[in-house]
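Each chain carries a letter (A, B, C, D, E and F) given by its place in the written order, and its residues are counted from 1.
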Amino acid sequence: MRQLDAMVSPRFSQPATYARLPYNRDLSGVRAAFVGVPFDDATSFRPGARFGPVGIREGSRLLRPYNMFLGVYPFEKLNACDYGDVDVVPGFVEDTMSRIEGVIREVGGKCTPFIAGGDHSITLPVLRALSGIHGRLNLVHFDSHFDFWDNYWGKRYTHGTWLRRALEEGLVNKVIQVGIRGSVYSHTDVEDSAKLGTVFYTAPQVKRDAGGVLSAINGLSGKTYVSVDIDCVDPAYAPGTGTPEVGGLTSLELIELLRGFRVDMVGFDVVEVSPPYDHAELTSMLAANLIYEAMSVVALK
Amino acid sequence: MRQLDAMVSPRFSQPATYARLPYNRDLSGVRAAFVGVPFDDATSFRPGARFGPVGIREGSRLLRPYNMFLGVYPFEKLNACDYGDVDVVPGFVEDTMSRIEGVIREVGGKCTPFIAGGDHSITLPVLRALSGIHGRLNLVHFDSHFDFWDNYWGKRYTHGTWLRRALEEGLVNKVIQVGIRGSVYSHTDVEDSAKLGTVFYTAPQVKRDAGGVLSAINGLSGKTYVSVDIDCVDPAYAPGTGTPEVGGLTSLELIELLRGFRVDMVGFDVVEVSPPYDHAELTSMLAANLIYEAMSVVALK
Amino acid sequence: MRQLDAMVSPRFSQPATYARLPYNRDLSGVRAAFVGVPFDDATSFRPGARFGPVGIREGSRLLRPYNMFLGVYPFEKLNACDYGDVDVVPGFVEDTMSRIEGVIREVGGKCTPFIAGGDHSITLPVLRALSGIHGRLNLVHFDSHFDFWDNYWGKRYTHGTWLRRALEEGLVNKVIQVGIRGSVYSHTDVEDSAKLGTVFYTAPQVKRDAGGVLSAINGLSGKTYVSVDIDCVDPAYAPGTGTPEVGGLTSLELIELLRGFRVDMVGFDVVEVSPPYDHAELTSMLAANLIYEAMSVVALK
Amino acid sequence: MRQLDAMVSPRFSQPATYARLPYNRDLSGVRAAFVGVPFDDATSFRPGARFGPVGIREGSRLLRPYNMFLGVYPFEKLNACDYGDVDVVPGFVEDTMSRIEGVIREVGGKCTPFIAGGDHSITLPVLRALSGIHGRLNLVHFDSHFDFWDNYWGKRYTHGTWLRRALEEGLVNKVIQVGIRGSVYSHTDVEDSAKLGTVFYTAPQVKRDAGGVLSAINGLSGKTYVSVDIDCVDPAYAPGTGTPEVGGLTSLELIELLRGFRVDMVGFDVVEVSPPYDHAELTSMLAANLIYEAMSVVALK
Amino acid sequence: MRQLDAMVSPRFSQPATYARLPYNRDLSGVRAAFVGVPFDDATSFRPGARFGPVGIREGSRLLRPYNMFLGVYPFEKLNACDYGDVDVVPGFVEDTMSRIEGVIREVGGKCTPFIAGGDHSITLPVLRALSGIHGRLNLVHFDSHFDFWDNYWGKRYTHGTWLRRALEEGLVNKVIQVGIRGSVYSHTDVEDSAKLGTVFYTAPQVKRDAGGVLSAINGLSGKTYVSVDIDCVDPAYAPGTGTPEVGGLTSLELIELLRGFRVDMVGFDVVEVSPPYDHAELTSMLAANLIYEAMSVVALK
Amino acid sequence: MRQLDAMVSPRFSQPATYARLPYNRDLSGVRAAFVGVPFDDATSFRPGARFGPVGIREGSRLLRPYNMFLGVYPFEKLNACDYGDVDVVPGFVEDTMSRIEGVIREVGGKCTPFIAGGDHSITLPVLRALSGIHGRLNLVHFDSHFDFWDNYWGKRYTHGTWLRRALEEGLVNKVIQVGIRGSVYSHTDVEDSAKLGTVFYTAPQVKRDAGGVLSAINGLSGKTYVSVDIDCVDPAYAPGTGTPEVGGLTSLELIELLRGFRVDMVGFDVVEVSPPYDHAELTSMLAANLIYEAMSVVALK
């Protein structure tokens, strides 16, 4: 699949698909598909992530074919396309999760899915689908929050509880969390991390020793899923998000980590991009680039 | 209850309550209470109405004691207060509806509730509560949309179906809809209005004969509920909303209609105010003023 | 062609085409095509209209199938589609004009084009193409400006001179201008109108006698092109534009005029929508609705 | 004095002066001068009007030489210039007032001043200066507020008390207020109007009988000052202001009133334009046009 | 005092107080009180800091009970509350200063005040009050500006002169300034620092040796006041401020410095937060977090 | 030439010139002139840089006389002024280039020009003019893009091809590019750099070894031109630009590099500042400061 040629159709023209790739549901020969999941009713503060997929498509108009930092043509190498969005059921998290699981089971069976959320609740059905295909997965989770709380308002499926569900359901194996910061609910949160067997690196730790974090990640063996909550980045770089925490990573710190990945990545998502709170498409553009870098890493394999 | 005195504490100071009235849950002696319902997970397009109550509170800082157009001191006459918000369950419309019904049953039993949404789904539990207290009610419904569709995505409780539910449940008696416009789903929508027994006035009809519309409204006998979807007003006047339709009423047209109401109003809401899409608090300020005018009408009785 | 079903794919999902119609370049059986022309280098003040087509597509997500004011299903009746954008040459007005003329000659030979600009210079090549097909056309021109100046900075092809070129080239026959206002260059502008044989109605005249304006328009006999500069509407209703003039029409005034059209419309454009200056998609939504109303008028024939 | 020629220097170029007129402090031969008064420390709610003069200058770039509605070239006829701003003392209203009075006494002795505020407190020293030159003046006051309260927080010089001071000091004779609306402090406000001898027309009254209001204004005999608080216009048309009141005039209603003025205007101001709350320069552009229309009226004499 | 429970009342609901703590003027048993000072008439450029306290309250909705970086529950440990705002006198800096001094004398006698400005002039009366209680204080002053100029426009009390006044009045002892940068008035500014006995670290110095800066600060013995002008942080992180200077600290650099404080802190302020210039509450959220970290440091003692 | 005194005329007052310096076309005795070039029709994505010069003027109001980091009074030392803008021809890049070349030949013959764009195409005619005066120049080029592509849409003069033209025309000698990042068109881009004889440092390289980059720059011998595309800085610091690339430099990193320059600078530009996409003047303020630092470097000589 080829991007629209910017020398023929200028970048600001034609309907938006991810990276101006074809909008296409036939995945034969495709090795990477962009999939949107426009659901945000499991969020606890600002909504708007339902507009994440369309925002990220608009924010991807500047992406060009060659990644000179990794020496690869990701779209060409992976024959990538835009699969379109999952048909969610607004306001109904469990119905939506089963729709997501269905689509990702299909897409993930044919190629590597690169998913644009939506709030973070969408990662649970993605993990259900992909672990169904690949078996239990490692998880690299960029976020400012732990997301392993038990429930919110008595409800088990939210953007802050998906990781505990994934652990309970045996979908994930080793979990590394990167970018943690901000105030938390209780001193037991840190203890819970140990109990749950997850490993976390705070934002200050990443700043002090990015190499160490990357070594830990690249030490994961086996199939690995990567989930990026855009709020792992500082709100100066990503204002368009639902539960921002000050004091985060820069966009370059995150990109350089991603570029260093040598894990066996079977899926990737970037979630919690909320265009109504964005400015000048900063956050959408960053998310579009993160998917580009992740595709590049997969293309390198 | 008294507003904070702007000659002592300037208008931009102190935490925001509606009209700078006391935040108070003891309703003894109170005849009017502002109640927030910050729920927006039953919306079909743009979210954000969960921030309606806090937005409307901030947008109410300029309200002064005397309504010279109606010759009344609404807050003093009604001994009004800010009751705070209903504790909603984000992402779960049915749980939230029962919370709303519970609070409004309590508040509505003691005084007239003036409700700030939230998306329009919240009006259904309000009608359940108030019809439980007062019996079947007349409904004056300002909106650009009919809101009497049967379901969205197979779901019966959304911001576009509440009115059909209210009719099915026998909560409302006569229904007058004001401000209807925009494209619709089918020619059967108009027929359905006749079948359901509702009467509607389009935005152009209101502009041509506001007096006639007001006569029809004031011809209603018996207890009446008034629900204002802020999108009945043109998005030039109310950009901060979820499903805007161009070609609407001006804010003054709506205000003058409201000031002319001589119905027996037992409750009032203004819904679909979405601050993330607002500019300079235009929409929040309009909503705050609509509640002020509605309180004034009740105070006149 | 059918719109994406909002009851299956919610309105905020899937890549944007006009009214969620299919993106399609095969016009067999098609009677109406949306065509974007993302060019803004012939503008004299604020740019940004190059983002008009993508903005209008995003702003068209709420359009539903049935126009109850005209009693017609425009998309179904016209079997409408989104043809995509003309491949313009940024920064080069004459190259771009020949690209536009080529595309519109093709599209206009098969169906009625509904065009989204771009700045107003694009109307000249559209008129060249359509008069080539249909012969000399009547022109109904909504604008706050005359647009018949001779040149800007010695250049003959700009967004303020296209109409004089169209008159000189014999593309148009009778010209009616609606919405004129604001300061002008010289008292000779009014005299020039008489010399050029155009008729104009100022914004205040429209407000005082919309019926008279509509009669004049419907008195045109023969094939007619309709061009709407969004700045004919007041900037309160359409802030996202390049050369706003205060004191304009309301959106409803314009919509009601359009709905009254009974001319033989062979093409329609809405130009000068500049999303970088828009707020909450007000202007884009208005433009999307104007195209909808124009399609409805054509569908009525 | 001549505007910069837009056919030589495009409208978006060169440093901004009002209407691109020369920045000039030598008033010989000048009959109209734009004067900025960037003071906003006497405001009771939102500040920002200190940026009014620079905002209005930027918003005046589209003004062209000829007013076709009045048939006059205002800048040429009045040999108009931009005098620059009064050097205010931020945070100190009384020092600032004496600076304003000094400048306006000088400017007003040589030509008609057209003043851009600043908050409404600045009108008091202007009236002191101009009544010193011309004797007691009539005042036409466009506003949504009465502005004749006695004090705020015990302070006598604020944007809500200047009119009472002007009356007490005998600076004004007949006062006509236009556009009054919104909630007020007390029923005595209306009584006070009668006691103070002022006449007022509410926004709804203007909408119902603009001709009657204009007759009353044109019935004033003797030298007259015109002060326009931009909040007389609805916030949909003028969001960039400090104490907005919904339900106001449209910009065209105000412009048409102004165009009908046949009073002996010796000075004009537009105040309370607050660019930080504006969008796409809507409010600044409106203010720039109001000064243009006022200059045109004076030029007609 | 307890925060509203986010598992009962979602974060976006209920009127805003700082960190959703009780609004309470009875300080018995309270060890930390949030106090707003909404005054901005002593500013020399952009106003808007009068909306700082309400902005910071809204921006504090995400704060959770436990600071895992310092291992402390600040609100619980300090039994913290929101005291509300000082009743300022808009436009009158000296009256306002005496009001501030009065309130802080009372609050500071009972607990540690955590103050949200307002412009930086408010720190002078705070120092008067607290030095009255505790004796001469050390001052740690984060800012991009020196703020020790003698006067502005001949006025001695402004947001750029408060520090000189504090030195002249003998309120402060050792002064350490952190984050200084940008252009200055004169080479004597640096000399003045030496004469006045203050020590300063520029933004580049902080970036090169944060540890050294922290050592200097923690070397202060005796009671210490900490004042944070939000413009010490780069405007990318804090756009909502009055006199931004590019090239500043990141939010994490400031937070990590604060977390390292082991001084005897008797009061804290964050000033110059101007919500009208903010985007997506970035600046307000940062300010809310700075107060949280400062409370944590005090709670550790 | 002297800046307007902020202690007499507050910073927010009077028409804007660069750094409030005199607007002046007589260059006798002047050693540095600010020149605006408001052209943006050679851009490939977002327009708006035509408003760069007026934006940068407004963003320069806070600049003060003394640069304490370099120990110099740049404006006084260079007797600097604001020359105004080049009269461009909107929509016509070649006409505009000859206008630019003419003005810069004149200005550059008398003093050092400090140029505010406009899009990057404007640097080509500037280099033509200055190399005509000084002979072949070294070029230090800050950018996220190479800008040495051959053509866009078959057109040779665009904001992405100016550098190839400059090399072909023999205008430049050694070229050092700083800040390169983002996706590119082809692996041949890197090879082309070698063929063309340019040297580049990516953004990550700058972050890892700013000293090395500076050494390379200061190793240039002979007259040198410095061109800064504002997008070399991360969009968090400079959102107001046309083709943003995430993962860039911080503003301080760029400023510190500039302060370290010891080259023989004969001209400087900052381009691609697009105010319609800016927030709170962040980008304009940064650009204004970059010119200030560049003037300081020249003043040091």
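Everything that follows uses one rule, which is that contacts are C-beta pairs under 8 Å (C-beta built on N, C-alpha and C of every residue); 3 or more make two chains touch, one makes a residue touch a chain.
Because the structure is a prediction, the values reported are computed rather than measured.
Path length between chain A and chain D in the chain contact graph, taken as the least number of steps between touching chains: 2. For A-C, the equivalent interface within D-F, E-F or A-E is the one where over half of the contact pairs agree by residue number, namely D-F. Here the CA centre of chain D is 39 Å from the CA centre of chain E. Averaged Cα coordinates give chain B a centre that lies 37 Å from the centre of chain D.
Counting only residues that touch two or more partner chains, chain A has 8, 10, 12, 44, 46, 50-51, 90, 152-153, 234, 236, 277, 279. Those chain pairs judged to touch are A-B, A-C, A-E, A-F, B-C, B-D, B-E, C-D, C-F, D-E, D-F, E-F.
Those residues of chain B lying in contact with chain C across their complex are 44-46, 152-153, 181-187, 189-190, 202-204, 207, 234-236, 239-240, 243-248, 277-279. Considering their complex, residues 8-10, 12-17, 23, 36, 38, 50-51, 53-54, 57-58, 82, 84-88, 90 of chain E touch chain B.
Residues 40-44, 46-48, 50-51, 89-93, 152-155, 158, 276-277 of chain C are the ones that touch chain F when the two sit in their complex. Taken together, the chain D residues at the contact with chain C in this complex read 6-8, 10-12, 61-69, 71, 73, 234, 236-237, 250-252, 255-256, 279-282, 285-286, 289, 292.
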